[in-house]
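In the two assemblies presented below, chain A is common to both, partnered first by chain B and then by chain C.
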Partner chain A sequence: MLEIILKIGLVGCSLSSAILLIRVIKGPSVSDRVVALDAMGINLAAITALASMIYHTTAFLDAILLFGILSFIGTVAFSKFLEKGEIIENERRR
Partner chain B sequence: MSLLHFSIIAPLILAIFIPFLYKKVKAIHTGWLIVWLPALLFIYFLQFLPQIQNQGAVEKTVAWIPSLGIDFTAYVDGLGLLFALLITGIGTLVVLYSVFYLDKTKENLGHFYVYLLMFMAAMLGVVLSDNLIVLYVFWELTSFSSFLLIGFWNHKERSRYGAQKSMLLTVFGGLSMLGGFLILSLLTESFSIREIISQAGSISTEPLFIVALILVLLGAFTKSAQFPFHIWLPDAMEAPTPVSAYLHSATMVKAGIYLVARMSPVFAEQGLWLWLVGGIGLLTLFWGSINAVKQTDLKAILAFSTISQLGLIMSLLGVGAAALHYDYLLENFYMGATVAAVFHLINHATFKGSLFMVAGIVDHETGTRDIRKLGGLIQLMPITATIAFIGTFSMAGLPPFNGFLSKEMFFTSMVNVLHLDIFNLETWGVLFPVIAWIASVFTFIYSMMLFFKTFTGKLQSEKLEKKPHEAPIGMLVPPIILGALVIVFGFFPNILSQSVLEPVASSILPSLVDAGHEMDIHIKFWHGFNPELFMTLGVILFGIILYKTMEKWIPIYGKIPSFLAFNYVYDAGLKQSEKGANRLTNFYMNGSIRHYMVYIFISFIGFLTYAIVRNQAFLVDTSNLAPIGLYEVVLSLIVVAASITILVAKSRLTSIIALGAVGYTVALFFLLFRAPDLVLTQLVIETVSVALFLLAFYHLPKLNRKEERMGFKVTNAIVALGVGVIVTLIALSAHSQKLFDSISKYYVENTADKAGGGNMVNVILVDFRGFDTMFEIAVLGIAALGVYGMIKLRLSRRRNE
Partner chain C sequence: MKSNDLILQTTTKIAVFIILLFSLHIFFAGHYYPGGGFVGGLLTSGALVLLLLAFDIKTVANSLPFNFRIMIAIGLLFAIGTGAGALFFNVPFLTHAFDYFNLPLLGKTSLHTAVLFDIGVYLCVVGATMTIIQTIGGSE
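Then we have the complex of A and B:
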């Protein structure tokens, strides 16, 4: 029973990822794409969690954390890039 | 190392000391320090004469590369000895002459004598080697040293041109010859010439034998300036006159003759040999003599005359090969041709050497070699004129000089060709005496030109740079000796017949040695009214008529179009090949990386497709495939969609994000296929590289930042599709044809037991196969240092500031 529910959840997440991908591809502005990508990252974390439950393994828990960190860092970096035009500012600007 | 070997390389050893002697001993002319060596060698080689006559050949071996069968075998038989005597004898005279010809203060004598001694040793090595490879080594050394000698006055453009031309042609021939030698050694499994001769009968049916014949002949023809490779010889006349006298009359140009004579026992049974050697020789004789008549430079006349006389000797050697087919005859005419060739070889060396020296004297004492400016020198230079008289009349083939005898023997041999009934000679053989006779008429004309235009007529002192006077006696001694030999051999030819000609002829035609007693008859047999005598009379008669009417027909030469000349062909060929190579290289090396990628990928597709089709390697086996789940399908669709987006995206930013999507989806694939370590690494790396892409994108110059879709090119699409298809096919068939099981079982069993780890991937990375990891760390280190270096070290920009 649990297996079926997990699979349904997995398919749902996958579909939502696919729909988010459409936004990534089409997204009229870059911001749309970044937000879609961020959501996709969290979605991927969810997929990973579901998959590791299906596989009965704890090996992927690191990956789930990493998804969370990376999508955060990535989104912040992108946002800063969009805002200021660069990601790491050179402080001693001549 | 015997005395014989030492005598061959003695000039090379002396050459080492020449630069020191030249620097230290300033008081006397360097030539005096050298002249003793060839004289000594000449005496040394003379004492072989009785030995060769009585006991046959002398052989001494020194091991060089025994494991390859290459030994420095010095082999002295009649043929080798004759050449060794010519080289050392004329070498002595030429060095003596050069002492007076080259100025001590103006010329770089150190270089000159080093080159000359190098050449002398090389020639001795060529004629006295029994080993083909050693012969080839010395052969190339003659080419190099002659290149250096021709270009001795390297400040002159014509000298450099002549040196380059002779180098290209003779090295071309030398390399062909090496090919021929290697084929011969493959067929007989030996590098020894005598060993090859002893197997000549058994290898003559091999298909490669004819190739070897042609290649060896190419070497001989280029070296001996045979048609159509004769073009380098007239341009080699830019060399100092002693060099022309030595190299281009007596020694180097006869290396090809030597090779043909030496190889005759191997190849002469072939009809092709007779036709090529005889026919090309005759053609050269004809072409050289008709071209000599139109020249106005003394040395150019002599150069073409050398070409034509070399052709004469070559044709005699060709006809002499016919003797092998008539060994049953009691009276063998054709053997006479070989004897005539050898006799004329000696005669030509004597009179041509003296004539070159005469040309040098005239040049030295008047400042010009142009026969249009010369004339009437007989009063002022009586001794030179006498030597020239002897030389030219001998060259024209007039009695009582030695040229007459050899020309008579030449006519005899050519008339005898009419009796041959082998190799289609019964139909075309009639051309031989006719062409020979016409060429002799022209020989007569240019010989007369050479003497009468230079020494008789009116003196045109206003056109001469110097006031002409007789040469110093030292300069006259060598030509006088050669002129005296012309007369001695003319009156007493039989002093040569027993001592030299007979051993030489028997080494050229060793299978006929039994009939050796026939040979001395021919040389004595020079009286009587035979067709040859009337041919000579005809030559003289027509020659005089044509010489008298020369003004009327010489303009015909001007009407021959220039592109028929072989010089034109050579020059145009050189220019066109340079241009063509340039054009070819520029055609495909156009500097565009896209083009090179297309070449690389097309050859990739081509080779792999060929390999698959050739080996019929494509095979799909579905028995061991895993079932496909829904997730894989969904993820694959995402990858495909993202990949297509990369290609068709309008903005580069979209492409970068789509690339990131692909990377993350690949991470999901890793998840799906249960590779947690890969998932972690892939995620981090993908994030970092997307960030780097963004960095690169941001720094694009404003001007070129066009937001437009990638253009569509049919070639690129086909190539990309081809690569994709071929890689897919190979992956499919590779998966279907696994030959053995994986070794991963070992790792599974031993990760915990032997390595003490729980994570198998990590144990493999740092334990079982840690070596790879170390170098991947090195790669990352290098990359990091490289990036740092590229950013920090901006040398070119700093210089611009």
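Then we have the complex of A and C:
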């Protein structure tokens, strides 16, 4: 029973990732693509969690947290590039 | 237009400690669970990159006064030191040893010389990543 529910969940997450991929490919602006990629990272974390439940292992739990952290850092870096034009400043401009 | 990074800076001040703690956990769990020096070092440099994003290079260099190039050298010294230490006991190069000790707070713990080698890997990864990022990011 649980197997079937987990597989339905996997299909749902994959479908939502596929729909997000459409937004990444034909997003009108760059910001749409960044937000879609961020949501795809979170979807990847969900897929990893479901897969680790299917495989009956806890070895992927660190990877889930890692996905969250890397997705956050990547999104912050890209939004700072869109906002200020440079990612790491030498000195803070007031 | 005047920009204000208050939300990013406040989030960073909290998230950096969580990421650093997680990287230390991954580093020390590496012998029995997935993880180890490489992933731990990359995650630590990820936390430092988040600091660089929220603040600037000068502030981070003032609050963390490390020379990351010397850190690479110290890491290589750790790695080669644990390798050469085996030669003193008449065993081949890079032979590791372990034993069980009763530490005051942790109880029975197995201390392994592979941890020292892993510290070398960790310092090398952090130093190399931060040197690359600071060199590329700091150029005008």
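Here is the rule we use: the second predicted complex is superposed on the first by the 91 of 94 C-alpha atoms of A that agree within 3 Å, B and C clash if a C-alpha of one lies under 4 Å from a C-alpha of the other, contacts with A are read in each partner's own complex, and residues count from 1 in each chain.
Note that a contact is a pair of C-beta atoms (placed from the backbone, for glycine too) under 8 Å apart; a residue touches a chain by one contact, two chains touch by 3 or more.
None of the values given here were measured: they were computed from a predicted structure.
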item	value
Chain B versus chain C as contact partner of A:R23, first or second or both or neither	neither
First (chain B), second (chain C), both or neither touched by A:K84	second
Chain A residues touched by each partner, larger count belonging to chain B or chain C	B
Partner chain in contact with A:F72 - chain B first, chain C second, else both or neither	second
Touched partner set for A:A59, first chain B, second chain C, both or neither	both
Common interface positions of chain A, toward chain B and toward chain C	59, 62-63, 66, 70, 73, 77, 87
Residue ranges of chain B in contact with chain A within the complex	630-631, 634-635, 637-638, 641-642, 645, 649, 653-654, 657-658, 660-661, 664, 667-668, 671-672, 674, 676, 679-680, 683-684, 687, 690-691, 694-695, 698
Of all residues in chain A, those that touch chain B in their complex	10-11, 14-15, 17-18, 21, 24-25, 30, 33, 37, 40-41, 44, 47-48, 51, 55, 57, 59-60, 62-63, 66-67, 70, 73-74, 77-78, 81, 85-87
Contacting residues of chain C [partner chain A, same complex]	3, 8, 15, 19, 22, 26, 33-35, 39, 43, 46, 49-50, 52-59, 133-134, 137-138, 140
Residues of chain A that touch chain C when the two form their complex	59, 62-63, 65-66, 69-70, 72-73, 76-77, 80, 83-84, 87-92
